[in-house]
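Two complexes are shown next, each including subunit A; its partner changes from subunit B in the first to subunit C in the second.
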Partner chain A sequence: MIRNPLEAILNSNKREEKTMSKPVVATTSLAGCFGCHMSLLDIDERILTLIELVEFNKSPVDDIKTFTKAVDIGLIEGGVCNSENVEVLKSFRKHCKILVSVGECAIMGGLPALRNGIPVEECLHEAYIGGPTVQLNKDGIMPNDDELPMLLDKVYPCHEIVKIDYFLPGCPPRADLIWDALVALVTGDPMKLPYEVVKFD
Partner chain B sequence: MENTVKQIVEKYNTNRNRLMDMLIDIQESEGYISRDAIATLSQLLEMSQADVEQTLSFYHFFSTKPRGKYAVYLNNSPVAYMFGREAIKEAFEKSAGVRFGEVTSDGKIGLFDTACIGMNDQEPAAIINNMVFTRLTPYRVRELVKMMKEDKPIEELRKESFGDGKNYLPSLRSMVSSNIRRKGMILSDDYHFGTVLREKLPTLSPEGVIGEIKHSAIRGRGGAGFPTGLKWEFCRRAKGDKHYVVCNADEGEPGTFKDRVILTEKPELVFEGMALAGYAIGGEEGILYIRYEYRYMKDYLEEVLHKMRKEGLLGTNISGIEGFNFDIRIQFGAGAYVCGEESALLESLEGKRGEPRDKPPFPVERGYLGYPTIINNVETFATAVRIVQNGGEWFTQFGTDDSTGTKILSISGDCMFPGVYEVNWGFNVEDMLDMVGAYDVQAVQVGGPSGTLIGPDEFHRTLGYSDLSTGGSMIIFGKQRNLLRDVVVNFMEFFIDESCGSCSTCRNMTQVMNNKLKKILAGKGVANDLKDLKEWGRVLNASRCGLGQTAANPIISSLKNFRPLYEALLQKDKDFDEGFDLEKSVQASCSYVGRVPVFNHH
Partner chain C sequence: MSNLIKFKIDGKECMAEAGKFIVDAAADNGIYIPTLCNMKGVKPKGACRICSVRINGRLMTSCTTPVADGMEIESNSTDIQDLRKSIIELLFVSGNHFCPACEKSGNCELQALAYRYQMMVPRYPYEFPMKPVDASSPRIIKDQNRCIFCKRCIKTIKDETGRSYFVFRNRGHKLEVVLDEEMGKTINSATAHLAMENCPVGSILVKEKGFDTPIGKRKYDKEPIGSDIKL
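Up next is the complex of A and B:
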């Protein structure tokens, strides 16, 4: 018996003697906590099906650091808090056919965006000079090396920087939701969104 | 101060559930609720200061800072703007010498914005120290401010004659007009108050009453349209030592004011309906939860209750029916639209923040203080009396098959005769516009911001639960109005302000969608934005209560029915534009840490 739709595709691919190339997936964590990636791993044994079915390109999952080919699906965790995030996100947009914002941070800015009501100068002051845990920074040194990413005035949701095609809500989105979304994207079937998957209490 | 607080707490028997009343009394006597008052309250009530502050901070009319000897609350609904709010605001600011949101340095005059105060048929209007001033003009504003500066008593500030109907009564003395322009079974003068309690109930069992209500097929008049008979039956059957009857007079939906008119002109009918409901469900206590904006009616309503007690229509063994005991108390809110939602209302009644409860359990099972409770709209209770008087069968001849009876509409905006109209369900919009003298109409907002905005193509539609469902708010916009800028944004900001904040959908998406709308209005929109708005609107359905579930409606319904207005604003040559500017956004942090921004433009 076929247990899930991805296996079905997998089997049909096998029958077609692997003429179809595997869809390519890339993932990244911007200003996120990696919780969304953890949730992706939480699809349990289905990860084996996934790995057989899709090929991972740039992603912490396989530790590929730069894009090596055109990608079908890019999953973005986290919002955009510095210039490096902007760069990575833009390169994802350039290389991926479909971009998905995964989780509250990517969609709304999430926890990091709590700083949005506070001027960035005050945040830096608190982090490097005024905060109770920074007494050792006697000279008041600030992170100003050219190698370091530059901090943005606030944390932006991804869709305010580049065009985002889909959004998966949750903090993190449930593993089942991520799985269903991947299945839908790969098969092209409409996604089922029962109330239980996206409700808030 | 400590003594004042002590007396107030004792007045309410040191009962924590009456925290709202205590806070209202303190706010009114001191002009604000000080840190010390909070400390004293928390001590006397044996609750943490945080708990007191939770409630306090939730409501618009409570403040921890003085609001001024004269606190002016100027309505900011779209209709207020249509009738000159900008000029009124400017006149207030100029003559008082402070901006809105501030208090003059001598502590005399405070100016504040407030959401629709239920005076849409006589805007611009403001509340000053609980007295409502309607139909303001810049001249009157200057005069008012001058008198405030001279410390004149509030009564002397009123130069207008009393409003029509009962507004002249000594206990009301209000310049508010009732503007009843069409009467039906509820607003008509041919009912003698008390007839049902005195003559009908002795012949009817509680089940009999519920039977008539069910037979009438009446559905709730507050907007959601739940069958009233069923609600009463569920409650009667629910187990509990006590049962409560709550009348919802929160009337917060912008554009509605008919409950104010019913309570001004026919309060006896409403209270009789509550007693009738008490008889039906086996409850002995009724509570009228009424919005703080209607505080000017307090003495009047207390007087009516007093009179009904004297006449034996409230009290014990009413109409000689053994064990039929019922009385009513009045509970004021303190400025929170969400408290009209029935479970939020219950929280507020218990002295807490007005955050909606998770359902089930529904109030009919676990309501006020955990006891089975029915909550109905003002109009529903008033209608129930006429149903029991004449029988459920009689009632069904009015209206349509699925919407029986009459509906009282609050009609305002661009028309000759704004006011209150009682019509049979099944009335169509075209007739309605002709009835009120509305010409060159661009759109009608049916059911307030949470309802739908319709254009001429849909004016053939009829009012009823299966077509255009409405709690009664009807706002008319003429051709000269800018719907998106002046109406939709205003309504979105209303929801943003009024969200209780529990659900991230309701708290965030309203903001996000409104920002997108503003971006479109600023000429930065692209075609995809319209798709986004439509999709994102659906996310709000996941919210806990009706506020969030309908909070995207101003955008969604205008997008559906007035799409060309949006399309005309879009950039045709771009498919993405969020206006993000990397160089600008790193400026502040770079200069603070002392580095020169470097950009590698590939």
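Up next is the complex of A and C:
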């Protein structure tokens, strides 16, 4: 007897294991705070089901740094604030069949986008020279190492840089929403969107 | 009663007193039509158009249009729903709505409408306009990033002589609803709280107030806006 839908997924997965490989998931944090990743971990014991259900590729979750195969689902946390974010996001688009913007930052820039509308120069000046908490930068040095990514003129929502297929609002999105979305994407079932789990904060 | 008239909303037979505005007549019949600029007890102004319905092939704002005998009103068709959703989306992209950091989050009517219409992402590009925050009054913060120009504050927040605390300034793209500088200095606590309450969004905030209701217990955490309207 099958007690819950998850076991059904697991069982069907086990049966097909020999012929079918598991869906592959990759995740990244662009201009985000890792809160969305924390929310993914917040699915509690379902995490055990998740690792049965999918395989992780490039992701901070398993510390795989580069794509090693084609990915089915890419989860993007954070908006796009610098040149490195653009590169990472584009490489996710290239390697992932489905891209999901996870959280307010990915969807609309989030708190980092509070700087949008203020010239970058002014932001840097405030952060490194003029701001009330700046104390030890007597020579007024701005970070200028070639290795550092360039700041963009503003923080961009991910879908203004590449095509994004799905959006999961929230700051962070509720763990239940991330879970439901992942299960829906893996099983192909329609996504449930109960009122209480789709929130902007 | 003799002045009861009959009309239809999306094919459903309804009854109401003649002369009532369509939104109110609909509510009397258990039908929710979304509103944003409209407020009970205040003369409607038809500013936001979220309450649009179709009558005789024409879109009309149901908060300003009185119901008439035999009227056939279309409200929940797909294209009207989408029009309402697009108005919500426009309001989000034309201001700066950082809900996670907003004191009104969970109690905000604009956000609640976005939830009800399942806005996952606006279809329009974000404008990120530069807007000021005025914290010069001892009691009130007026955050222009979130103002949707509904005029609810202008119409309802007045002193004993009938003067509005809030006024329009500038025109066109520079239009603002501001707290009158002089009156802002002396606004009392009760009036300030009423102003915050009457503002549908988080554009009027009472100083030292915010985030006092835990997530899960706020007005629109569990039930969509309009849930109170049923038979």
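Throughout what follows, the second predicted complex is superposed on the first by the 190 of 201 C-alpha atoms of A that agree within 3 Å, B and C clash if a C-alpha of one lies under 4 Å from a C-alpha of the other, contacts with A are read in each partner's own complex, and residues count from 1 in each chain.
In this text, a residue touches a chain if its C-beta (ideal position, glycine included) is under 8 Å from a C-beta of that chain, and two chains touch if they have at least 3 such contacts.
It should be emphasised that the depicted structure is a prediction, and the values quoted were computed from it without experimental measurement.
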| item | value |
| --- | --- |
| Clash or fit, subunit B versus subunit C on superposed subunit A | clash |
| First (subunit B), second (subunit C), both or neither touched by A:Ser101 | second |
| Which superposed partner A:Val120 touches (first subunit B, second subunit C, both, neither) | first |
| Which of subunit B and subunit C A:Ser83 touches, first, second, both or neither | first |
| Touched partner set for A:Met142, first subunit B, second subunit C, both or neither | first |
| Touched partner set for A:Ser29, first subunit B, second subunit C, both or neither | neither |
| Subunit B versus subunit C as contact partner of A:Ser39, first or second or both or neither | neither |
| Which superposed partner A:Lys163 touches (first subunit B, second subunit C, both, neither) | first |
| Partner chain in contact with A:Tyr195 - subunit B first, subunit C second, else both or neither | both |
| Identified clashing stretch of subunit B versus subunit C [131-139, 221-229, 563-571 or 581-589] | 221-229 |
| On subunit A, positions contacted by subunit B and by subunit C | 104, 108, 154, 159-160, 169, 195, 198-201 |
| Residues of subunit A touching subunit C in the complex | 101, 104, 107-111, 113-114, 116-118, 154, 157, 159-160, 164, 166-169, 171, 193, 195-196, 198-201 |
| In the complex with subunit A, residue positions of subunit B that touch it | 358, 503-505, 508, 512, 528, 532, 539, 542-544, 575-576, 578, 580, 582, 584-590, 592-595, 597-599 |
| Contacting residues of subunit C [partner subunit A, same complex] | 96, 98-102, 105-106, 111, 114-115, 118, 120-121, 125-126, 128-130, 215, 221-224 |
| List of subunit A residues in touch with subunit B within their complex | 83, 86, 104, 108, 119-121, 124-125, 142-146, 150-154, 156, 159-163, 169, 195, 198-201 |
